[in-house]
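Every chain is named by a letter (A, B, C and D) in the order it is written, and numbering of its residues begins at 1.
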């Protein structure tokens, strides 16, 4: 067994896929110097023709990746900041995502969009701290938010092999995770298949990305009083609705913890779908950022707007003892 | 009383506000020739310094509006196509929306973004047919989707007077509506206040934009068997949660019809919030576009992916007779 | 030596295709409407004549001419406009998204300027794959103010990508005059990035072909991108909605003057009359068949509306469940 | 006639402010880190010396110099960096969003290039309001490949907006060399839109002031925008994370050569020693007070985290309810 960090897992996934498939190439700002460390060693190993530093032109280089994909390449784009996806939003949501259907299935756009350190990072403030994964689930771009090093490896490999555009968010809050793994056993993780990190019988907590670890900690804390199942969807679109439904069949109670803005976030989607179609014996709850949140700079303000363990604990306790629907 | 069309209501709102407030100005493509008709007559009346034809540079002219607003103007931008918002997404979601908080309240950004004929229009196909209002509710930009001529007038006036950025979607499916109104009684409609178009006691149907009219038609059809209340939130952010809660206190049953993509759409948000906090005696349902929908060109395919009256009727009937939560 | 008759044939095909398509719009056989290419045919004909079958193009909202000139079957193209299951895109794309990947047509695009980086990326990838294929990306005068196009100029220039930027300057972007939207010149915008640029008579198919052939040769030789600004005029409406809405922005005099030089006439004069008549007759037959094929083709089945949403077949939740 | 001592004072203030700020980053008194402006002070000092108090500026991620040069209180600025309730932005903005609307500082901006159209719009609006105020928008060499900046050039040129585009070319965008990212020249990009552009010695505050004064006069007179490419060098890290991460992209020799011409030395040589010493001492006092003020100021109350989300006070739902 080897200690694998989340960051190294991302790096390893890209390295392995570039080794395996010469069509995989990397685009991004400062990817040769590897300022995020995700692309460390790649230019040395694979050369500058496969690892391209991009001018600050997110819209165009996202479109370039689409064009390269249409012509047989499998580009991975690294974005240094979540908000850079906003600049490229038309090229992702309205171009790359739509080619397959609009052409009647004539083509495919295998591009992976990777955002290392998504969400809030210390001191980056309002314009760099969004966690916009729910936007991609809404427009229908395949969206993965791995929580652990092994899942980061497995989901990124899958994204690179997938024939459609896939966005992978690697939350800042997860980038420092380390895990003891058997490197030879690292394997692709399919999209649309969640993971029960911890079985339980009374409340299902669905946690997204780095919040899986908070959910596990709170579940552990509460283990004397409440049996909490922690479900990590791993991908937000496609979503493992069957896995969630199975979990709720066991517990009938639901809490979601999600680092995106409240209205129209994946947290709401999970509550809605559960309320519509699944076994729920009490009103569900979600912990999210506030509606339309803009993260203020100061540490205490920034923290105040992100889901906390305290909030999660209270929600679990409330849901565990709630009566049926009114 | 006078017959007022939805289109004319938008035009009148802008004209009235430009008359009233010299800071209101209009930016957009082909707004002088008024190809959408929304800006008809404005350049003649107010001159080219207040009605500016823009080069095809959505990102920059959206930023220009922000800058103009910071310096005291109150620009309205017309976008010819919903997807143009994707091009300007960074400038709206990450710039205009964030100035107030990031500067600690030093400034305000009174800009109105108007999308006439949002959603599907005959023959415009995949890249022109999105209805992305839920994205704006998610990021927290104030979002209005008027259903009727009087509300179109009232909400657009309010948007123009509001000190924050506001997006107004005027659905293609509502643009042809006409209404008999007393022109002197036209008035601003506040954001965050919904409207009960039709009282009922058994099922609350929340309908967004043009779908309000479908909901009213279906409610009427079903009136012999089910008493349906039709609730139009009018603005998606802020949302009239109190109004919805009041309606559910009466009915306890909820159906939402929403022309946006399913996952993380406003339809899901409404179900989630109701399930979390409101009086529900049976599982709610929503009618939406499919997950990640791309509207195909052919008429029958395009229609197949939008909410239909048949779907709504079935949903109301199912919810009306559904038992409690499982 | 250009094959004058072949160029004439392409111009004639596009012209008559557009005229038939406009009729079908009027007859409500084409859902919505189209952006007619009439008047600009020399550009598509001339540039595509400089390309090989395996070269790539991206097109625009006003894209029929490009797709036809690259060799697409007019019958399947018309079936696409008519929203039929037999269309190029199986009825999923329509006028603004017609594509034929077998012929290197990477699709028309409904967002002004959006295809410029896509073509640049395809060109870059073609070279990476070791081929000497080139890509042509078409756009209008309106697109040169779109940031992504200028960004693409920079990337193409830096990488010496084998891409040819073909700007069809027809004097107008919808109702906005080029001069009111474009500070400086169009060629100057490319030159600022070190991209050689030329103004070309976009009404003369042979002039366009000559300029395109040079640009293509440069690109194939690894010498990088070129911009061609083709001066032209749109003979018809921006979009067929104008036929009923009739916005006023061009005077009748202007339109008349703009139509004075007609690529069909210019190229027609270079072809012996007998041959021209044969071509014309041939095209009438071809289009009659195309219209028949399109209108007799089946409509797509609504149950298949979500087909191809994902290339790998991923199925999603419906809108009602 | 430039006031050499005043320019020196500004350069010195920025230099020492940045050095103190870097110390506070190391001491973890500044959350996260900063993008030090060290080495580029002549540009902020020279351009702002050409402006009136009521003129407008937009700044960048590397923005401390601009905000200080425009007249912001160093104490409130430092309090902002330290995330205090007394900061310019009440601790909501931090290093990358420092703003002072009372002084026409429309904010630093964390998105490369995003402020160019904002400044253009503000300039347009100022003229619409009948004033002769001008706007200066700063950006780096990396930003000239950002489409929105080029789009803004076009709008500013078309409207003859009173805006001055100040490009600080420090040779690098993070780890990417200007030459590897910019095809053609930076001045050529502006000139392509008909915008007069000049290369300026960005290490010499008086050279910058002279060029800026001319551009400002043009703008005030209604003659439109100008671009100034100021050649400079970043003495310190792209961002303070480099102090620990130490990515290798500039050789020590390059850095040494880049630091050889120092605006502080250049401008210092123009000021009599006694006066310089007085200024230096003055600034030390000022900054000592500023640091004290910042560190003694209260932290913002977490209960106010959503304050100012909407200018009109709209309250939203919390994240847990």
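What we mean here is this: contacts are C-beta pairs under 8 Å (C-beta built on N, C-alpha and C of every residue); 3 or more make two chains touch, one makes a residue touch a chain.
Just so it is clear, the model here is predicted, and its values are computed rather than measured.
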Discussion item. Give me the set of chains touching chain A intersected with the set touching chain D.
Written reply: B, C
Worksheet item: Taking mean CA positions as centres, which chain lies farthest from chain B?
Response: D
Fill in: Where chain B and chain C are represented by their mean Cα positions, the distance between them in whole Å
35
Discussion item. Based only on mean CA positions, could you tell me how far chain B sits from chain D in angstrom?
Written reply: 39
Practice prompt. For chain A and chain B, let me know how many angstrom lie between their CA-based centres, rounded off.
Written response: 29
Worksheet item: If you average the Cα atoms of chain C and of chain D to get two centres, how far apart are those centres in Å?
Response: 45
Worksheet item: Residue numbers in chain D touching 2 or more other chains?
Response: 89, 91-93, 97, 109, 111, 145-148, 151, 154, 158, 180-182, 306, 309, 316-317
Worksheet item: For chain A, what residues touch not just one other chain but two or more?
Response: 55, 57, 59-60, 83, 87, 90, 94-95, 101-102, 125-127, 140, 263, 276-277, 291-294, 296-297
Item to complete: Considering only which chains touch which, label the overall pattern as line, ring, star, complete or other.
Response: complete
Item to complete: State the interface residues of chain B toward chain A in the complex, per the touch definition above.
Response: 83, 86-87, 89-90, 93-95, 97-98, 101-102, 125-127, 130, 132, 134-135, 137-141, 236-239, 260-261, 263-281, 283-286, 291-294, 296-297, 324-326
Worksheet item: What residues on chain D touch chain A, complex-wise?
Response: 30-33, 80, 83-84, 89, 91-97, 109-113, 142-143, 145-147, 173-176, 180-182, 245, 247-249, 299-300, 302-306, 309, 316-320
Practice prompt. Name, in rising order, each residue of chain A that touches chain C in their complex.
Written response: 25, 49, 54-55, 57, 59-73, 90-91, 94-95, 99-110, 140, 142, 162-164, 191-192, 238, 241, 276-277
Fill in: List of chain A residues in touch with chain D within their complex
29-30, 32-35, 53, 55-57, 59-60, 81, 83, 87, 121-128, 262-263, 287-294, 296-308, 311, 314-315
Response to the item:
Within their complex, chain D touches chain C through residues 145-151, 153-154, 157-158, 180-185, 188-189, 191-195
